[in-house]
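Next come two complexes built around chain A: one with chain B, the other with chain C.
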Partner chain A sequence: MRRIDRSQLEQLCHLAQRDGRTLIGPTVRDGAIALAPITTAADLPVGWTDVQAPGRYRLSRTQGQRAFDFVVGPNSAKEQFFKPREPLYRAERRADGRVGFVAIVPEPEKRALLGVRACDLAAIAVQDAVFVEGAMRDPRYASRRADTLVIAVHCTRAGSLCFCASMGTGPKVNSGADLALAEREHDLLIEALTPAGEALLAQLSSEEASGEDLRWLDESVESARASMGRHVDTRAVHERLFAQLEHPRWKEVADRCLSCGNCTSVCPTCFCSTTEDRSDLDGSTAERDRLWESCFSREHSELHGHAVRGSTEQRYRQWLTHKLGAWVSQFGASGCVGCGRCIAWCPAGIDLTEELAALSTSDARALMPVAAPCAEEGRDEAMVPSPARVLSVTRESSDVVTLALAIDEPRPFAPGQFYQLSIPGIGEAPISVSGRDGAGVEHTIRAVGSLTRALCELSPGSELGVRGPYGRGWPMRELAGAPVVVVAGGIGLAPLREALRQMLADPQQYPDVRLFYGARTPEDLLYAREMLGWTDRRGFQLSITVDRSSPTWRGNVGVVTRLLKRSTVPDAARAILCGPEVMMRFTIQALARLGVTHDRIWLTMERHMKCATGHCGRCQFGPYFVCKDGPVFRYDEVASLFGRDGI
Partner chain B sequence: MPIPPTVLAELSFAKRLSPDACAALAEIAEMETFPAGAVLFREGDLPGGVYLVLDGRVTLTMRAGGGESAVLSLGTDELVGWSSLLHRTRVATATVSRAAQLVRIPASALLELCERDPRVGYAIMAQAFEDVSDRLVDTRMQLLDLYGRRG
Partner chain C sequence: MGVFKLASCDGCQLTLLGCEDELLALAERVEIAHFPEASSRLDPHGTFDLVLVEGSVSAPFQRDELLSIRARAKKLVTIGACATSGGVQALRNGRDVKGFIASVYATPEYISTLDDSTPVSAHVPVDYELRGCPIDKRQLIEVLTALLVGRRPNIRDESVCMECKRQGNMCVLVTRDEPCLGPVTHAGCGALCPSFDRGCYGCFGPKEQAKTSALAARFQRDGMVPVELVRRFRGITAGAEAFKKEGERHE
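What follows is the complex of A and B.
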């Protein structure tokens, strides 16, 4: 530990900018202390402090000359690495006339962060876990983050909303920085935590800190810790929160919450995002941007024309159970670092520590599912489509077509996985693989909205963008050797078709396959001709039913669960299901009556998706991301949450 | 053709009945085969027989908007024509859609059996109620028009 004179701050700012580093430090801007590019120590908020209370933040003058006499302002280091808005790629005509997709990834940038607090260092570590340490790395975040020099500040005074001590993240800086400062009126203590920090420190004029200096630091940090008025009980908070999904407090807090999303935008760890497609008027180029988004918006959870989380109650519950609960199983750390920003910047002054305490009246604990193994191994994922061409179009029904696509540089796929299909300027959507046709990958698409309608209108030779495959597919290995019951509803047969084809092609491994398929009307049945061809395969049974028909239809009429009720199922049978959630719920009950237990049922979940890489937060489902932990789940992994409102 | 009580005992409809009650039921029941296309009863007909499907398929249709619409098909072990147990006229038309072997029980004789021995009556009504309740749940699911929206 060394001691430097206050005048050395200028030198520190100067050294931090060497080798073309951009220095990002605290500075007064628009009535708040913001983290922004600065060049000299004079830009620091000398003589300013922040006064915070629930729903309130203001600056106030101090009599002193300290530069770090504040705690945290509305913006954290988050926006340095995860930009509020940034382009992902540009689609344009290539010289050969075909559509090309050009990734937009920033050059690696060198940055120095000055004045970051322990809580924000913990937040950076959390965002690193989301964007670069997971199964898929976001190259944009990674390139901004790659070369960052961090000069942190120990908090010797806690803010009135801080509770980092409860979250185990502060007030002392222990790691995540190259240098740590502690500021007094006339001088600062400084400690190097890494070789880079040591090299920088060596160039400052400093003295060895005295025993008294060290004692002062310990005592100040301890008194900061002791002065925190807010406390969170983090013991088993994940299990405790998920045991309170029906607590009346959610409704009470929702009556106060404006659903404005301020809390998520000031939160240093929130990472949800959406995308936007833009094209110029003549349509020759189109760009896709990524933007910060909030789980408090309606669009965030949209699925089939309604929001999965339609009410503020469900959205607040989602936010809190994710931030303090599910985050732990997803990223190994809480999503809350105790900085108090969401309390200060909530216009209604909602205090999450108070909400948490009110929700913690009982010690009940939910049995949380074990995290599903992720389907992906670490790799860079720039979310840029590859060009693809339509090889053939098969009309399946009035609103469903199957496209066979030739994809540039395809990666192998497994049945049950999905691709993100896009048309520049229109949009992108997750679509399952429905089969393989020679060199082509098949997708069966139902026209429901702007993009799917446009996809259904493509003709052979049309071009589009494709990225993938993504996600965990059907458990083909676990199904081998056992009788397999396949239950499909509507277009839910599409994600199952390739699995069926593979099973029928290998009767040795899959000797007994029974397909139960329900559709709306006989005209809506998919793959009718192909299914007829399957019926003479040994060991295959087909039962089809429709919801309604004309009297000329001689087949079954009624729901698919009625077909199941009429049958018996061999011992040890396994079941795979895909269809609307309600249908799957009743199917699971019917299967249970036939003796098929939850650990022998797999199903696909559907949630709104944007990135498919585990980075946008859109497809949250309890402790899972449907895009990378699913979409296929074994039912016992999701049973406690499946079919519940607003999850 | 008479039906052996052992065959009848296999059916869910008889699962709550004692062997004696099952034999009594067999006495009033009749086994019949029908070709595809045969109409068992029509919407609006007076109450008549109650049927149990041994094999084949029966489709219920209803008149709607000037046309005829298939609403439910029934197969092995299922009950057709329960409304006659309530002395109601037929609510749908029942047509054999795949050659079928059926058990036919005249509603009047069945109700007489129920009234003679209320324990048997309770068992029969409880079973019919179970079937009707399952069908109600299924009908609700059909009403949701699940696949219409996407699935």
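What follows is the complex of A and C.
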């Protein structure tokens, strides 16, 4: 630990900008202390402090000359690395006439962050876990983040909305920085935490800190810890929150909540995003942007045109149960670092710590999955499609087609996985693999929105963008050796077809396969001819039903669960299901009566997978990201949430 | 494409003419067959792939005209606060319209008007709505481009705050109690007013799930008196349900 004179701050700012490094530090702007590019110590908020209360933030003059005499302003390091809006790629015609997708990834940037608090260091670590430490790495975040020099500041005073001590993130800086400062009126204590920090410190005029200096630091940090303006009880908070999904407090807070999204925007860890496709009027170029999104917006939970979380009550519950609950299962750490920004910048002054306390009326705990450490080395996922070409188009029904696609440099896929199919300028959608046809990867698509309509109108030779495969597919290994019951509803047969084909091609592993399939009308039955071919295979049973009959229909009429009720299934049977959520719910009940327990049922969850890389947050389902933890789940993994409104 | 107007000031149509950089490209892709503000060559009775409708239904003949336009348009997009919420002229809704007419016009019997000014969607199905007084030029170009390529337009129904925060603005409400309707207002303007350091006055109308009562409670805590609260919500989009109700609550 060394001590430097206040005048050395200028030298520190100077050194931090060497080698073309951009210095980002606190500075007064529009009535608040913002984080922005600065060049000199004179840009720092010398003689300013902040006074915060729920829904209120004010700057106030101090009599002193400290530059770090405030706690946190509205912005954090988040926007330095995860931009509020940025382009992902550009689609253009290549010289050979084919469609090309050009990734837009920033050049590596050199940054120095000055004045970062312990809570925000924890937040950077949380965002690193989301964007670069998982199985898929966001190259844009990584590029901006890789060469960052961090000069942190110990908090020797706590704000009225601070609760880092509860969250275990502060007020003392322990790691995540190159240098740590502690500021007094006339001088600063400074400590190097990394070799880069040591090199920088060596160029400052400093002297060894005295025992008295060290005592001052310890006492100041302890006094900050003892004077936190807010407190939360974090004991098993994730398990307790998920046990309170029906608590009346959600409704109460929704009466005060504006669902404006300010809390999620100022939160230093919130990472949800959406995309927008843009194109020129003449259609010659198209680009895709990524932008900050909030779980308080309707679009965030949109699925087939309606919002899964339609009410503010459901959205607030999603925000809090994710931030303090699901996050722990997803990343092994809380999403809340105790900075208090969401309290100050909420126009309605909703206090997360107060809501949490009100929701903690019981000690009931929900069983939560444990975050699995990333098994594989991270791979870059730029969310840029590869070009693909339509080899053939098969019309399955009036609004369903199967496209066989030739994909450039394909990766192997497993049944139940999905690809992201895109048409430049129109959009992108997750579509399950429905099979393989020679060199072609098949996707069966129903025309429901603008993108799926455009996909259904493609013809052989048409070009599109493809990325994938993504997700966890059907548990082919667990199904082997046991009788398998397959239940499909409507287009839900598509994600099951490749699994069926593989099982039927391997009678030794899969001797007994029974398919129960329900469609709206006889005309909507998919793969009718192929299914007839399957019936020749020994050990395969096919039961089909339709909701509405037609004059020539001689088969079953009614829902698919009625077929099941009339059947028996062999002991130890396993079941795989895909269809509308309500159909799957009743199917699970029917299977339970037939003796198929929850741990022997697998199903596909439907959510809008936007990025497919676990970065955009759109497909969250309780503690899971459907895109990477699913879409296939064993039912007992999701049983406590499945079929519940607004999850 | 046809551009029609009902009861309005013409400002939203003017936004189309204001698309100077894009107009030529637009004219290459779109035949503008009816646009009285821009051309005297008109086709008021034609059929259209796309119709932009400005203005509210304020007089009996406008209702009939609107029904006729809708019948001849494949897609109908309403542009502006009048067409999407009834406009500033909806301030008369539920009041003594006859009294207003008598006090304003020398010869009231010449005036034929409806008691209420209503949005286009109250009379015919609408494919897309562009909010604002006036509409935002980028949103207009976006909806036209999207319809040309067959994409769903990027017309986000989030709060103005989301746009404001993405731009890195400081919140005028939190830093200095400036009454700002941003938290309950539909995005699309690019947080124009807060970017110029003033509060949003809600010209894009309420967003979905607009919790106006929570914002009004905040304004009251900051010392706003009921008569001022009424004025805040009863502005250019006074006819929009959420704002109308909130205004009534403080009357």
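Everything that follows uses one rule, which is that the second predicted complex is superposed on the first by the 637 of 647 C-alpha atoms of A that agree within 3 Å, B and C clash if a C-alpha of one lies under 4 Å from a C-alpha of the other, contacts with A are read in each partner's own complex, and residues count from 1 in each chain.
The rule is short, and it goes like this: contacts are C-beta pairs under 8 Å (C-beta built on N, C-alpha and C of every residue); 3 or more make two chains touch, one makes a residue touch a chain.
These numbers were taken from a predicted model, which means no experiment stands behind them.
Participant: Overlay done on chain A, so just call it for chain B and chain C: clash or fit.
Facilitator: fit
Participant: Quick one: classify A:292 as touching chain B (first), chain C (second), both or neither.
Facilitator: second
Participant: Determine, under the contact definition given at the top, whether A:261 touches first (chain B), second (chain C), both, or neither.
Facilitator: Touch partner of A:261: chain C, not chain B.
Participant: Which chain, chain B or chain C, ends up touching more residues of chain A in the combined arrangement?
Facilitator: Between chain B and chain C, C touches the greater number of residues in chain A.
Participant: Determine, under the contact definition given at the top, whether A:312 touches first (chain B), second (chain C), both, or neither.
Facilitator: In the superposition, A:312 touches chain C alone.
Participant: Have a look at where A:468 lands relative to chain B and chain C in the superposition and call it first, second, both or neither.
Facilitator: neither
Participant: Examine A:45 and indicate which partner it touches, taking first as chain B and second as chain C; both and neither are also allowed.
Facilitator: In the superposition, A:45 touches no partner, neither chain B nor chain C.
Participant: Between chain B and chain C, whom does A:280 touch in the aligned arrangement: first, second, both, or neither?
Facilitator: A:280: touches chain C, not chain B.
Participant: Kindly classify A:115 by the partners it touches after superposition: chain B alone (first), chain C alone (second), both, or neither?
Facilitator: Neither: A:115 stays clear of chain B and chain C.
Participant: Just checking: does A:623 make contact with chain B only, chain C only, both, or neither of them? Give me first, second, both or neither.
Facilitator: Neither partner.
Participant: Across all Cα pairs of chain B and chain C, what is the smallest distance in the superposition, given in whole Å?
Facilitator: Scanning every C-alpha pair, the shortest chain B to chain C distance is 19 Å.
Participant: Residues of chain C touching chain A in their complex?
Facilitator: On the chain C side, the touching residues are 22, 25-26, 28-29, 141-142, 144-145, 148-152, 154, 156-159, 161-162, 165-171, 173-177, 180, 182-184, 197, 208-209, 211, 213-215, 217-218.
Participant: For a test of understanding, state which residues of chain B touch chain A in their complex under the given definition.
Facilitator: Spelled out, the residues of chain B in touch with chain A are 36, 57, 59-61, 67-73, 75-78, 95, 97-98, 134, 137-138, 141-142, 144-151.
Participant: Can you tell me which positions in chain A touch chain C when the two form their complex?
Facilitator: Those residues of chain A that touch chain C are 29-32, 34, 55-59, 74-75, 79, 84-85, 254-262, 265-266, 276-283, 291-294, 296-299, 311-312, 315, 344-345, 347-349, 425-427, 449-451, 453-454.
Participant: Within their complex, state which residues of chain A touch chain B.
Facilitator: Where chain A meets chain B, its residues are 304-305, 446, 448, 489-492, 518-520, 524, 545, 547-551, 553-559, 561-562, 565-566, 579-580, 582-583, 586.
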